[in-house]
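Scrolling down, you'll hit the structures one after another.
Both of the next two complexes hold chain A, though its partner changes from chain B to chain C.
Let's turn to the complex of A and B:
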């Protein structure tokens, strides 16, 4: 029987709708309260993921973002307001989360995640949520999570489409099993160049938060080995089975990538820098 | 044989959102991609009847083929 003396009266009330779920209960809520989740990017995907994780009482949420809030973000990055323009995104997030739930500690990582710092940043967290907005970061985070054996909830959006999958290193495929190398710079336009429907990252970011919570609670079936494809125009979800690739360059039997790589994009030219793993 | 083809994302440049394509019996996914003049072979996900398929995968009458590309925005 779970010992409810671990909770305050307010906490029992705040989390009561979780606690009455048999799949969560007091024990599960305590796991959420003790969990440490890292969210990379406080943008379209990060904002909805963070606010639901904060509402759920995740004990520590790390947020990686070096940007300040821009007026063009506000159409979809729902934690930031007009008053936050030019404020650090991580600070804007911290203010909103603190107002919602003081059980949650926000760790601000006001920096770009690179091959130099990625392993250091992710090492203290239980689950990593990738809400970044570019392929170089996505590959870096995938590889870092494989090296550090961290579960990674991958989500990405573009125009009216979203893609989401859960990567459990050593127990399923990684992102490179599906796409071994990043697309050449310029081949796939960014949201900045091609637009994105404002509500789309809300749907995908909330699915990412759901997966992270399920992982912490050890309930249900994760999107492991499956990628969910969402099309807002058709209002369709489709699912792709993603098998683990034994020849995967990072998680296969004979990996060729053993160090983190910074894939940089400068005016359509790619520059690769390797640094020590 | 006839297959239903659904294009997503950037592949919408190569054809309509949804179409019925007539192919010779025994055709493969590769032949279907050629029909749409899709040259991309790395950054592409192909589903046949909602199951992942590869370029050499054989198609049959009545199949539904969905063609996606990776997305990276956040």
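Let's turn to the complex of A and C:
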């Protein structure tokens, strides 16, 4: 039952539209207020995800990003403003979230997530949202989440299309089951090279936030074992099945990758500069 | 004729079309037919050994052909084929 003593008067009012939902209620809202979610990348996907999670009162939101705000980010990275140019993205996020909801603590991880620090960064969080912008980070985060048994909400975008799936290690496929290997460098251009419709990451990032909240609340059906594809030009959603690969090198029956590797090398990027936003 | 959904990165081969039709009773035949019409697309889907590239998934009615019969997976006119490459933008 809903225990009013769990909340202040203001919180009861702030979260009232959640509290009156039978699927959430006071109990669910308390779960959200106690949840710890890590968002990798405070960019196109991260910004919309973070602001809705903050509005929902997620207790602790970790944000991993080493970049500062650039003018070219503002077409889609909606938490940053013209006044934030050259400011650390994690700081820009913290200011906006604090203005929205002081129940939320933002943890700034002003660093690149690497094989050396990934397990340490993710271990304190309940759910990880991948809003990164490059293949090495995506494979790194996947493997780290499999090793630490953390749910991972994967989202990625390209031009007018987006992909989302929810990875529950030990209970469904992982990113390597879906895409065993990354494309060679240069085969698939980055957003910087190919462009992206500004509103696209809004759709995908908010779906990622929805999945994270459903996981915390333990309600509904997650995108586990299935991937949602969105095509903004056709204005169409499509779903495909994602089976678990028994031969997956990370989560299969006989894993060959049992610790974090060199992901730049894995993605053929060892000698090249990493792609930027 | 089978409907094939073409992802954004490959639409430069299909004159911008997001959906095209192809002939063939297997995925392999379908890809060859597509390549006759849209030269170069096969090379983006298959590697030098003729295998589906590991960052490209081909689905028949939402099922990944890697978990069916691969390139020999049967298709007919009522099936819907979807090509999905790995993308990393965020």
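A few comments on the model shown:
Here, the second predicted complex is superposed on the first by the 264 of 277 C-alpha atoms of A that agree within 3 Å, B and C clash if a C-alpha of one lies under 4 Å from a C-alpha of the other, contacts with A are read in each partner's own complex, and residues count from 1 in each chain.
Keep in mind that, in the parts below, a residue touches a chain if its C-beta (ideal position, glycine included) is under 8 Å from a C-beta of that chain, and two chains touch if they have at least 3 such contacts.
As the structure is a computational prediction, the values presented were derived from the model and not from experiment.
Contact with both chain B and chain C is seen for A:131 once the two complexes are overlaid on the shared chain.
Legend: residue contacts after superposition of the two complexes on their common chain; A:159 is shown touching both chain B and chain C.
Of the two partner chains placed by the overlay, chain B and chain C both lie in contact with A:201. Once chain A of one complex is fitted onto chain A of the other, the partner contacts of A:41 extend to both chain B and chain C. Of the two partner chains, both chain B and chain C are touched by A:242.
Of the two partner chains placed by the overlay, neither chain B nor chain C lies in contact with A:62. Within the superposed three-chain model, A:172 lies out of touch with both chain B and chain C [touch as defined at top]. Taken together, the two structures place residues 41, 43-46, 130-135, 138, 155-159, 161, 163, 178-181, 183, 187-188, 190-191, 196, 201, 227, 229, 231, 234, 238-243 of chain A in contact with chain B in one case and with chain C in the other. Those residues of chain A lying in contact with chain B across their complex are 41, 43-46, 130-135, 138, 155-159, 161-163, 178-181, 183, 187-188, 190-191, 196, 201, 227, 229, 231, 234, 238-243. Those residues of chain C that touch chain A in the complex are listed here as 5, 7-9, 18, 53-55, 57, 59, 62-64, 66-67, 82, 84-90.
Residues of chain A that touch chain C in their complex: 41, 43-46, 130-135, 138, 155-161, 163, 178-183, 187-191, 194, 196, 201, 227, 229, 231, 233-234, 238-243, 245. For chain B in complex with chain A, the touching residues are 8-10, 17, 42-43, 45, 47, 50-52, 66, 68-74.
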